[in-house]
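I am attaching a structure below and will ask some questions about it afterwards.
Labels for the chains are A, B and C, by order of writing; each one numbers its residues from 1.
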Amino acid sequence: MANVSLHKIGKLYGKTRVLSDINLTIDEGDFVVLVGPSGCGKSTLLRMMAGLEPITEGELQMEGERVNHWTPSERKIAMVFQSYALYPHMSVYKNMAFGLKANKLGKDAIATRIQHAARILKIDALLERLPKELSGGQRQRVAIGRAIVREPRLFLFDEPLSNLDAALRVQTRLEISKLHQQLRATIVYVTHDQVEAMTLGNKIVVLNDGAIAQTGSPLELYQQPATEFVATFIGSPTMNLLPGQIKAIDADGCTIVLSCGGEVTVNVLTEQAAVGDRVKVGIRSEHLAEDDSHDQRLYGKVSLVEHLGEVNFIYLTLADGQELVLRGDGNRAVAIGEELVVSARAADCYLFDQHGQAFLRRYPGNMLIEPKLAALSASQA
Amino acid sequence: MIRLRNLARPALVHAVLLSYTVLALFPIFLVIINSFKSKRAIFNDPLALPTPATFSLVGYEKVLQESEVLTFFANSLIVTLVSLLLILTFGAMAAWGLSEYKFRGNRWLYFIMGFGIMVPIRLGTVSILSTMVSLNLTNTLTALILVYTAQGLPLAVFILAEFMNQIPKDLKEAARCDSVSEYKIFAQIIVPLIRPAIATVAVFSMIPIWNDLWFPLILAPGSSTQTITLGVQQFIGQYTTNWNAVLASLSLAVLPVVGLYFVFSRQLIRGITSGAVK
Amino acid sequence: MNKFPWHLVVFLAPAFIIYGVFSALPLADTLRLSIFTEDSFGVRSFLGWGNYEFVFQDALMSQAFWNALWVNCKFFFINMIIQNPIALLLAALLATGRIRGVAFYRTAIFLPTLLSVVIVGFVWKLMLSPVWGVGETLMAMVGLEDYFGPWLGMPESSLITVSLISVWQYIGLPMILIYAALIGIPDELLDAAYVDGSKPLRTFFAIQLPLIYPTLGLVTILTFVGNFNAFDLMYSVYSGAGGGPEQSVDVLGTFFYRTFFGFASQIGSTTMGATVASLMFLVICVGVGLYFYFVQRRLLRHQF
């Protein structure tokens, strides 16, 4: 069905460059999420795929054909807009029928498709209502329904959950996920929320400043982020970054002297490393233990504690004034000003060079990557 | 397959708009260029631009000699500006009174004002004239000012009230918490916030006043109180065959308006499109 | 116990006093005058419905009245089918968004609206005059010189000519109002229609037009009130309130003027003028009332 590919797609508004060198392959059934901070170009990219913006550079292919100049209808795509874009003067039924009528579908066929979609989305009782009589969540579902009835080869979602309140957002997220499985649809989804990206997508494209920072599965992005940007973008609270210098290199990784005084060993592949290099050590809050149970230790004073019930977010100030955040047991009391020792395993740490590029971790997810890399290069030879 | 998103190709759109624009501007253009030509040139080749040979200011000379053009201009200016001032001031005050304060009869007063938008003031001319006569105000600019103010108030009140309704309550409540007087709130907080609406109302009200023929004709036809509109009308009636003079007088009447318009056109359009008209 | 809200009085008084004295009361007074009669000394005495009976029963008067009413209706009709569709077209073209120079076109097309009607009337009289020949020359340029004629002077063509002049002058207003409404429609709706596969023309009629119905309604009612108040253009073109060749351009406004001030051999009468004004008032009220009852209630205003 699907099989969409983007080759060197770029976008210029006059002289201003908004996107550059975007390459992506979308297979049938994929749930691709375009994620990144505001202004990174993700919505523009989506609109270019839809046909709402002209493609300045590169080629968009669908099932092998070059579709750069095709209209959205010809590309067989359907889009769900951020503010739903429901026609205010038409009933839900007519909203969903509009596109079908434009494509000259018969009345009965239209009715069948609408009833079917309405049942899946549980809006069959609302078909005669006007959009203004619906709640935000209901409008959202009508917008999705309007896309479903088109039976497109590709669904495009433009930040559809942004206008919903927190509780509704979680619920709708689940529904979209279920829909994806139910319809076996191919979806491209834009969001700025990394939680949405991680939970919904099987392929995530992290965009920054008009270029792709990394493409991969959620786990890949979490365990082997290619750059400092991706590492800090994925995961909440944000990964802790501690600056330092490489002191020693051995077979298993590097030892770093941190600017806060401590020493940390990180298990990474060391081809690119040299003693004396300025680097940053990354440690996620979930990998820090509240005591000295692991071998890499850090010392600091508690500056703030956020109590969430089953977990505490503890903010530590290190010797050089840097702040570290870690997760602590919600049942354990921690006092502000308390001197704390925290620790992490060398295998759980990340390392980034002075340009923000990541060193490959040797044990992402506790499995050695060297065998995999060897097998990969063998297959490519 | 290349499809175009718009109603028609841009070239076609330009063609239609341009043709209508030519239609809109051509008559005015014709009058102005011919006002600068000699009489024979006007007749021989009306469509030609004035050349050094045909250029002539004889029409303008005649106009300035025979008619009190400057007086007329002054009259129009006084009437329009004073009326505008009264409309905006009293209109804003009334709009504020009606939109902000809930009191019995509020709806009725709104209705009475609204009536004035639908029903043309001219229908009451008979009584207005007799009122002016009894107040000894015939052939005065004051009469015109009073009538035009009454004419312009309903629309002004409605548009301004609409704008005022959109001002967030917090601003007013904060001021009241500070024990600011109602008059101060109106003058120092509300008025600055409704500036776009004031501009809109100013433009909407100004045009019918400046161009009106009916009331100057009926209430102030005396030669010292004629407005430019009436003045030109009479002048044309008197000197019908003196084409130069006639065209010159028309141009004189047109040019200031056109000039001012081009200066203020941005504000005007912004005012109308800012949703003041509901 | 609150103290008396003096500020309320201060805010409301000036506007309502001026409006009351010079607009509302005169209107009410006109209605009152219509049931009086005035003798040659200016003494008024109560008459009852006598004036109205005269308007409807006197041969000359009633014919003039019904003619004026009919002409006015025709005028309105011509405006509705010419002015407003063209305004709609121009506004739609301006609103497509892909055109450079939108500001220029808007400004230029709106310019005639600003002109004094004296100028408009005279300029067009000039251009259409067989004496000056501009009109004829222009038509010759497109090969239509045989069709040129003294249209303003001929009863068959005078009304439509004057109507077209009126359209020329005032089209800027509905155009601007419709344009403002069109650009108020969120772009996302149009994007959605495009993605739905709707061609531009279909999008216009199925999406944009229905969403601006309230504005079209406003334009209609403004055209109605404006047309039934028309006077200035006719007075300017025909140099008086005579009503054009064989009263073919006699609208209620000119009829009212003649009745009040007199014309040629007809003596003016204040009370009769008041009667005609009252009838005009009735016509306008009926029109506006019908509009509100049938149309306005059904219009949904869409909040974006």
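As a convention for this text, contacts are C-beta pairs under 8 Å (C-beta built on N, C-alpha and C of every residue); 3 or more make two chains touch, one makes a residue touch a chain.
Going by UniProt, the chains are B = N-acetyl-D-glucosamine ABC transport system, permease protein 2; C = N-acetyl-D-glucosamine ABC transport system, permease protein 1.
Given the structure is predicted, the values throughout are model-derived calculations rather than measurements.
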{"item": "Pair of chains joined by more contacts [C-beta pairs], B-C or A-C", "value": "B-C"}
{"item": "Per Cα centroids, the chain farthest from chain C", "value": "A"}
{"item": "Averaged-CA centre spacing for the pair chain C and chain A, given as whole angstrom", "value": "60"}
{"item": "Distance from chain C to chain B - Cα centre to Cα centre, in angstrom", "value": "16"}
{"item": "Shared interface positions of chain A, touching two or more other chains", "value": "71"}
{"item": "Numbers and ranges of chain C residues touching at least 2 other chains", "value": "194"}
{"item": "Complex contact set, residues of chain C against chain B", "value": "5, 7-8, 10-12, 14-16, 18-19, 21-27, 29-30, 33, 86, 89-90, 92-94, 96-99, 101, 103-119, 122-124, 126-127, 132-134, 137, 168, 176-177, 179-180, 183-184, 194, 200-201, 204, 218, 221, 225, 229, 231-232, 235-236, 239, 253, 260, 270, 273-274, 277-278, 280-281, 284-285, 288"}
{"item": "Chain C - residues contacting chain A, complex", "value": "186, 188-189, 191-199, 202, 206-207, 210-211, 300, 302-304"}
{"item": "Chain C partner contacts - residues on chain B that touch it in the complex", "value": "4-8, 10, 13-14, 16-18, 20-21, 23-25, 27-28, 30-31, 42-43, 46-47, 86, 89-91, 93-94, 96-98, 101, 103, 109, 112-113, 115-116, 118-128, 130-131, 146-147, 149-151, 153-154, 157, 181-183, 186, 207, 210-214, 228-229, 232-233, 236-237, 246, 250, 253-254, 257-258, 261-262, 265-266, 268-269, 272-273, 275, 277"}
{"item": "Footprint of chain C on chain A - complex, ascending", "value": "50-52, 71-73, 77-79, 81-83, 85-89, 98-99, 102-103, 132, 146, 150"}
